[in-house]
Amino acid sequence: MVVLTARGLMPPVFTPLNDDHSINYSAIAGYAKYLADNGIKSVLVGGTTGENMSLAVSDRKKLVDEWVKVAKSTGLHVQVQVGGAPLADVLELASYCQKAGADSLLTLPELYFKPANVSELVYYIGLVASAAPKLPVLYYHIPSMSKVEINMPAFVTEATACIPNFKGLKFTSNDLSEGAQVLRALKKDQEMFLGADTLLAPAALLGIKSSIGTTFNLFPRLAQDILDAVENNDVAKARALQEKLSLAIEAHTVEGPWVPIMKAGMEIVSGIKVGPPSLPQREISAEAKQRIHAKLRGLGLAK
Amino acid sequence: MVVLTARGLMPPVFTPLNDDHSINYSAIAGYAKYLADNGIKSVLVGGTTGENMSLAVSDRKKLVDEWVKVAKSTGLHVQVQVGGAPLADVLELASYCQKAGADSLLTLPELYFKPANVSELVYYIGLVASAAPKLPVLYYHIPSMSKVEINMPAFVTEATACIPNFKGLKFTSNDLSEGAQVLRALKKDQEMFLGADTLLAPAALLGIKSSIGTTFNLFPRLAQDILDAVENNDVAKARALQEKLSLAIEAHTVEGPWVPIMKAGMEIVSGIKVGPPSLPQREISAEAKQRIHAKLRGLGLAK
Amino acid sequence: MVVLTARGLMPPVFTPLNDDHSINYSAIAGYAKYLADNGIKSVLVGGTTGENMSLAVSDRKKLVDEWVKVAKSTGLHVQVQVGGAPLADVLELASYCQKAGADSLLTLPELYFKPANVSELVYYIGLVASAAPKLPVLYYHIPSMSKVEINMPAFVTEATACIPNFKGLKFTSNDLSEGAQVLRALKKDQEMFLGADTLLAPAALLGIKSSIGTTFNLFPRLAQDILDAVENNDVAKARALQEKLSLAIEAHTVEGPWVPIMKAGMEIVSGIKVGPPSLPQREISAEAKQRIHAKLRGLGLAK
Amino acid sequence: MVVLTARGLMPPVFTPLNDDHSINYSAIAGYAKYLADNGIKSVLVGGTTGENMSLAVSDRKKLVDEWVKVAKSTGLHVQVQVGGAPLADVLELASYCQKAGADSLLTLPELYFKPANVSELVYYIGLVASAAPKLPVLYYHIPSMSKVEINMPAFVTEATACIPNFKGLKFTSNDLSEGAQVLRALKKDQEMFLGADTLLAPAALLGIKSSIGTTFNLFPRLAQDILDAVENNDVAKARALQEKLSLAIEAHTVEGPWVPIMKAGMEIVSGIKVGPPSLPQREISAEAKQRIHAKLRGLGLAK
């Protein structure tokens, strides 16, 4: 029986690049150690933050190998996102991940011949799940990027009925009302990971305690403190800490698209060299980085 | 100086209709008493729930008169929604409300020559606000119905700078992340009323404590209990009560469009005869009403 | 039996305003004479161009009266658009038009409680048609403004089956593929009026020969020449004339929203004082008017 | 200097599959001969019809090789669509096509990190064009699938200024008004290929004479006859032939998604075994194929 063990805060890792846009595999071990040292128990490799939708299959495989390798020493659960490519490549990646020792899979929907309804999406996820039948497989719901807008409670119910190793989803949406409905539709051995860093605290109040969020790379302790405050029934503290995290995010978002700003922030905050974004995305300016730095300093989140 | 005094839970009232679709003005006094007896301090007349976008101006004026009259004995704050009609009529209604003794105004954006940007929306709201310069005026943000999708934090900032009696907004959206941003953009004498009944508890955690929600007609005590639980730092209770309210809402939403299902639920729960919806909306079937009733009974919310 | 007699080019008339935004009824007789002198046989009163979605019902009635009156001497068919207001007002206007002697009706869909499917739209149009059972009634399809996007071939088929006086539609869309499908779905006594002035020639090739277009106010002869060229199998001429009209339109569209730019162009080209647009729309600048004028002169379409 | 020689009707070729979904390369020579025998001078390999957005890079390369090989004997111009994959793979494919002897390139926009404006789209197309600097490169505008909705006249102007080998676009849209604007923005050595088979005749009237359309695989002679009728100023004939083609298309579209229905139609009409669609798309039922067959027979387009 396939079991998903990951729970809690899961950072989607950046793909460290050298200045010439080649992948800097040597940075991964240190990056993993930094996360583990900060209390992180699992990572998502190959998500939006990792920009794997821009990478060749061969590079995506090497990234899986490298993260599985470092996971042995750091104890991190390695979830891999395999979608965002032609289906033939997605199936190849899913199969590869099972052999390579990944712990669980996440997959985007088809991006070109988009599913028109619940049933077509279930069919697609079923194909991916069949390529890695021993791994728990989750669906990556991110309509703002994928433009696939399928009703999630209905999807979850049908996918659970049809796909033995379907174990949940990443729910990247600010609609906590739909999120709470999804939560009610899931079985006990499934999990919903929220993808909305500005809503950690209110989501936790609703019982949504697992999340995949880029900013857990930058501020893993702050994110955990938010969850703890809710757990401890300290509403005022939860609000204040969430406000702090949200303002830190706003300091970034005024400066450009998500991955370029967050790669900039990661270097400012952690010192880990994640480098420029993958093409076709472009680095933000030095001035923009300075403005982010100044605001983070003002919030007490950077030196 | 114009001051907005309304805060907290504000039900948008139904327009009671007779079976022939004429307005049943005689039901309003009893309806107001029911709300006041259940702890309600303010009402919104003429919103989506009241279906005033389907009514003639003359009827809308009579509704204002009737609610202002009953407010004298019940102590209710009367906010009136004046939009959803040609601008000439909206201005006429705004002016009428000031004379008739309404306490505050809410207005939709232009529905046909829609604003293309923040500045055009501010211009429109400014025209309405000028027609009732002694009343606090709020903007009714409800993109799912109006199809006007303007960035609210930016709008609030510009409207505050340009319109002396602009005092806030109704924010009908499930995006609490944008809601929290709006809250940060507002001045102390302004207020944001959330329009998302399934998110009362998580919104309260973020500091959003005022709401306009149809279900406060049906379940005013339950809604207040949710706010109190958050205020009292009882997260588990807040979650459980919110879940109860959300399930009660879902019992309705599977049966049809918002106003027809809620009018049905209102009669089931309160016994107040609000009648059928205004044309072109249509009553739900007797079977649908029975299914709603059974589910509400199961939740302990109806007899 | 209800018969629709209008065919061919139908300008949607502007509502002439004085500088204080009051309606200039005295300009209508001369305006009608100008159109009739230029070969026009029918007009649409109260459409988007007439901005009746911004006017009070009482003003809309007076406009109907005035146009019906001038029609007696000019022989113009008077079609009236009655939608864009609360349903109660739309029904009142439809009923009024029948008594006042209008020749046919056009109506927008409900703008707030929008129809979710073909059947709900048919129900709404049926309500309006019942209020003026002796007049031919047409549906005003303009999804770019109304945000009501219902499949037109399916709607036409169901409306024809259910509504005795349903006689066609105005199809304001650049999708001539759907337009051709609608044409195939219509009965012989029904008509589709295209609303796409830049596509007169290609539409005529497909057999779409009736149109309602703002620019027929400005350039009635040019528009008719385009139709004639297609009728006479002169493809090169049709293309050249269409290009001329399209460039004249582009001269306007770079300067602002549709009605303000077209009211400006109308004064430049015809000398008829149509005045500023109705609030909340705003006049374009004098500089913008000069740029339009210069381009029209370059095209040989203004002095 | 890079020159684009292709003009006129260009079918986007299907990827012939065996029943086990492997690619049937051996069918390509016969397929190419069929097209050449029917007057076709150029083909698009790897477009939506070819479903290359579902294939592995290695298979896409073999398809290029095979089509380039058969082009030597049939004289077909081979245009290759290289987009619909992670950018790293798109660049690899573009570079490969130049070496392999393809005649021109077409590319989709980025499907995940979508361009937000003209400039970001130009940057992406510039990256692809740089990978094959000796080939003419065209942009594949198909917002219904890509969900990238950038203003094409503005894009064409900026791309022409920035990218030396940018030579036009495929314009897959039914909006001939925007299409005519694009045509006016193009230089003489560039070309716009329309992607709207139901609008061949009206587009030709506007001067749009090049097209890429799936149905040119099925009905190459009928499509050419439509263009000839317009060229010969025979409007009635152009309309009748276009109506015939449009009804043939409607016979398909009621039965399912585009590629599955067209693969079915291709086998019915031409006898060439193109097989099932690539996963995740699925074959239509035998009954659906019979209904299509019967309708095509009724139109005199199948035996």
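Order as written gives the chain letters A, B, C and D; numbering starts at 1 within each chain.
Here is the rule we use: a contact is a pair of C-beta atoms (placed from the backbone, for glycine too) under 8 Å apart; a residue touches a chain by one contact, two chains touch by 3 or more.
Values in this document were obtained by computation on a predicted structure and should not be read as measured data.
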- Answer with same or different: of all residue numbers used at the interface between chain A and chain D, are over half used by both copies? same
- Query: Taking each chain's centre as the mean of its CA atoms, which one is farthest from the centre of chain B?
  - Reply: D
- Task: Report the chain pair from C-D, B-C or A-D that duplicates the A-B interface, where duplication means over half of the contact pairs agree by residue number.
- Result: C-D
- chain A-chain D separation of Cα centroids, rounded to whole Å: 36
- Between chain B and chain D, what is the gap in Å from one C-alpha centre to the other? 51
- Query: For chain A, which residues are shared contacts with two or more other chains?
  - Reply: none
- Message: Quick check: in the complex, which residue numbers of chain D touch chain C?
- Response: 174-178, 180-181, 196, 198-199, 201-203, 205-207, 230-231, 233-235, 238-239, 242-243, 246, 250
- What part of chain C is in contact with chain B in the complex they form? 48, 51-57, 59, 84-89, 92, 108, 110-114, 116, 120, 123-124, 127, 145-147, 257, 259, 278-282
